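To keep things simple, chains are lettered A, B, C, D and E as they appear, and every chain counts its residues starting from 1.
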């Protein structure tokens, strides 16, 4: 579905516009045109390609989706690919949902193609465009792109901070909950899954740094007034990737600690097993001895024989218990 | 076997051509000649060397095969080595089959040498050449090479996506199937083998990036019109290597998780073993006690002695069972 | 809370100043103004923004806090973010407390924004400013910033050296204390937590290197006289990151050694268990034999039968004991 | 031992030459002189130093041996260090033997110093010099050095491919042979030793890349005609290092897989142990029960008592056997 | 303690000199002055600072010690920090002793500050200065510094080669000594400690590379005549770091192999334990059976009953023994 919006000197035109108007409007340098396509179809992409004279490769990329985050400069426009992410409840806990978004950006227009079942919402972006209407009026596509990418990266920052919290929870679980609770494997699975999502986030965020450098090489799009803005969003991209790296390393260490906790726990179990085996087997041996059928076993005839034997069993078991307790095996 | 094809202004000439015609045809700047050699023999390579004035080192490389993916610029031509890959059923699951391909590329010709039992099929490449005949007409070898490399890299993308699916399956197997099913080692072998194939794919893909940069340094082959195309295929190469890196890291983590699952499982087994040993050994001890031959063991004479002893055994075993159950050992 | 200080030719003016005076004072090139804001409020930041003509992005960053350590050059001023750290008693041992500090630095002024419950104390900084008043007089903001960053980095150095000591202690604990003391997991937790804090420290220190390079690119702030000073603090930043890397690697190795110690210990326990099981079970078998009820068991009628049986038990147990002792299993 | 050979326009002079002739011969630009020194002695090196005006540091390096692979350019000559490698039977399987080789290369001469008990044989090198006598005639030392390094690198390629085969064998052993065969440690030792040799090979090969770049910076030695040759051997060096990296990573993974196989195997053993212990201990308990001496144990008087008890033992053991078999413990 | 030495045209002046003479002597371009300070005190450093017009930061660094290895160029002199190392017997085996050394180097002088209880001996350095007196005469401080650094790096080379030998010994120990000897943990400690010392060595050596590049940027100190010398010592620094990296990787692998050996050993022990448990428990069960008190147990009345029972025990044990032996469990 295609929606067409236009801004004159940064103020929205309150007309109902169709794709055909776009061509006319962008000829006037005071206008800025935003074409928004959700769930883009082949013919819609081709129509945009005709209006903005897009390179066949751009059209092909837009058809295929699944592009890396990137900015490609073509004659007269920039092709921008970003992957906004949303947290979603998955079958195995929260998962990141990829909301791939393509944009064709010229001096006086931006066309956004939003893919997927739940495409990336652009209300926030539009709100900021209107909030700095003088920038939108003077800088046009360069500013519109900055706001778009900045919103995406702000989303990354929220996610990476949520991941940080979850890593802290996992840390508490690893050190807090005793290993013996039988939840070991489940904890490892949670660590693994979080790590996988962190790596996925990083994969979408990291190439943006190079992409942002690339778009700043096109002076027609990004004049010197925009330079601090692009530097700022680049800084945020770096922060996202650094935090993601940190969380990943932390989770790796946590998994190692877990393995070593399990090994420790095994030692404890083995020691307990050994100790109790001893405490049971020694009286069993004593019982075995007095179960022998020798004709001449004087103890058997003693009046105190039986209580003494029982006593010996208890005492031997008790001594072993104390010894093992002292050695920390029990 | 050598086949010779020619295109005038991008349109195929419908003549039957032999190697001797090639020399004549490439002198006319409107022609483009494609020489395709499958399972190249020494004399065929030498014949090509004579026609296109190839450097002795190029001829030697073509004789030896097993070259790294690369582009080497020589006086008047480029020497291109790529390694298309095909999935094949191997004795231990799917395996990648290397279909090494060399190409000598000049402004007006391309000679492709396809090695191996099942050489890389070029129908798709030819189809795309004819589909953009004006590009083939104007850009000649530079365009022909782009299409060739792009097809190879598209093959890599399909493979890497298939590998991604398989890694997901392995992940499900690791977290889904209980460790005790005795399939542990087999799962690790599958993880290892997939990882090895991923690394192999990456080894063939990654050097292409540098190779594509190299060929763009030769302006006679790759004019500015081709620049977006080469940028596009470079982008795909990066995507392949990034995905391969991701899969490799995922598989490494998965193997670690597996090891830690096995250790956890060991703990469970040890706890079960300890618990059941206790449940059996305590009644055994009781039985041993009443098997002693003391003259004076009053319980032996009680009417309820025997049932009481059996009862004690059952109760002690039962108490242990409940205790261990509560501690999660059973 | 805002405090305003001024220095003429490096000497403090003993007047009570308010924010309004700052604007007037920095117009005179002999003055240097220091505005110190603790726990900055929105309106205070906005007021500073108005006085020093700060870029909207700087103001936004100051509002949001949680910035990466960085230096950003704007028209007429530099925006500096550092993260001083203080050691604090946490629930799980010592922890690093982040005392984020922002500074707006111009040729004739520095404005410091100190965040957090316990903001970074600036007495030491002020003391060094007064100690080199001629530098403060001639170099102004460039010198003031150097002193500020140098104090922060000196703090990092103290911390990293304290961490080094603690890593040494952990090393002693790993190699000194026997594994069987049951403190295994707790030691691993201490290693993990120290490693995490070391990584945190590194994360705050490492970006300073690039930030210090950045500020030296602004000749109006950092003249050639300051170059050795900035080189010196850069050197200290490198030292901090190198030491942090070292400690991290050491702790990683230590954790691995610990895991392998635990495995060794397990072997010892298993051997002991096997040995004692043998020593008890063999006499039990002997007792079992003479507990059989065959009519014709000649040993049962021997006068020395019983002592001989007991003797056999002792001897067999004793032999096993000696054998296992010799093999090092006991 | 010093041997002196000379070539005029690439053709060998059939005279017997001594060191003294060298000085005279290299003055004629049509000549090329090759001085070959096996097991060089101090005085021989000093004599060469005098003839070719070598720098004191070159002479010192030649005296000391154990240099890194390198090319150092001095006034009028290049100092080349390579480490040819030969496979040799060692006490712990095949080992790489280092055949360090130094060369002093000028425009019209090359002096090769071959160290060690079995110095690197130069027949192949000489054969190729004569095979391309026109290159030797026109390019002299630059070409001679190329052939020398190319032979060394070809040796590396053979070795690295042999290592690849051996890594494949190890992979088969790891996945083929059951862990229980008691050969576990020996397999790990073989993996470790191969990895060590691979790393050693890489250490000698990798610096050659930089060395080959270095020599191409000296236009008097390596004219443009030699450029493709040097590029070719550089390509081979990269192939060696890439293959070595691959093998090393493979072996690392293999070792990890092995560890995890061992852990799996342990689980199997533990399960078997638990199962059999249960199968034996339950009948033992039953036997213990009927060995009790209570006066009133009705079963003891039953005619079918004994067979029933035996039957219960067999049945209980059998049930456990079936249960454990189904659970995959046996 | 300060000692002052002077050389005229490279030849030592045989006068007794004090610090006051230095200022006079360095004004004559034929002289070269060496001031050597052992265990430098604050006032001595300050005195040097006054004579050679040292920058306050240099003086501060010299006061504080614990600097990174570096070369800093100041107006008129270079500040050099190196860390010579000596092997020393420590409580836990050999340890590296840091002999930090600072030097202020000008065209006509060098001042060496040697810290620590056992400062780095300079006899060897002085001997080489006198041995190449013409270089000392013409190149002055640049040459003196080269010799100093070269001696330090030669020390590193000796140490790294000693470490290589020790790593070989550890390798032999890991593969030679059986794991069961109970020395497992001690071996791991030795591996860990050697690795730590290797990392320490590397930390002192690696920054020298950059430092040596830095000093060569000052043409007044290091003329073209010195260039091969500095290149040579740089080469040695690289060799030290490469060897250190190798040893570190080897030790890491060795530790991993050790862990996996321990796990293997555990398997062997478990198998042995299982086997012997079976061999003892089966006869125990038989004895238990014939210890039952059933009235009607025909075997009990057989004359051969008892020997037969004993025989069954021996045979069952024997069969199990043979079976386990064949399976390699014993």
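The rule is simple: contacts are C-beta pairs under 8 Å (C-beta built on N, C-alpha and C of every residue); 3 or more make two chains touch, one makes a residue touch a chain.
Here the structure is a predicted model, which is why all the values come from computation and not from measurement.
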Between subunit B and subunit D, the fewest touch steps amount to 1
Between subunit A and subunit D the C-alpha superposition rotation, given in steps of 5 degrees, amounts to 145
Residue numbers at the subunit C-subunit E contact, same meaning over half shared and different meaning under half, come out as different
Taking each chain's centre as the mean of its CA atoms, subunit A sits from subunit E at a distance in Å of 41
Separation of the C-alpha centres, subunit D versus subunit E, in whole Å, is 25
Multi-chain contacts in subunit A, i.e. residues touching at least two other chains, fall at 259, 263, 265-266, 270, 273, 277, 281, 284, 288, 291-293, 297
Circling from subunit A by way of subunit C, one passes the chains A, C, E, D, B
Listed in rising order, the residues of subunit A that touch subunit B in the complex are 55, 57, 61, 67-68, 70, 72, 74, 92, 179-182, 184-185, 188-189, 192, 195-196, 199, 203, 252, 255, 258-259, 262-263, 265-266, 269-270, 272-273, 276-277, 280-281, 283-284, 287-288, 290-293, 297, 299-303, 305-306, 309-310, 313
Listed in rising order, the residues of subunit E that touch subunit D in the complex are 175, 228-229, 231-232, 235, 238-239, 242, 246, 249-250, 253-254, 256-257, 259-261, 263-268, 270-271, 273-274, 277-278, 281-282, 284-285, 288-289, 291-297, 327-328
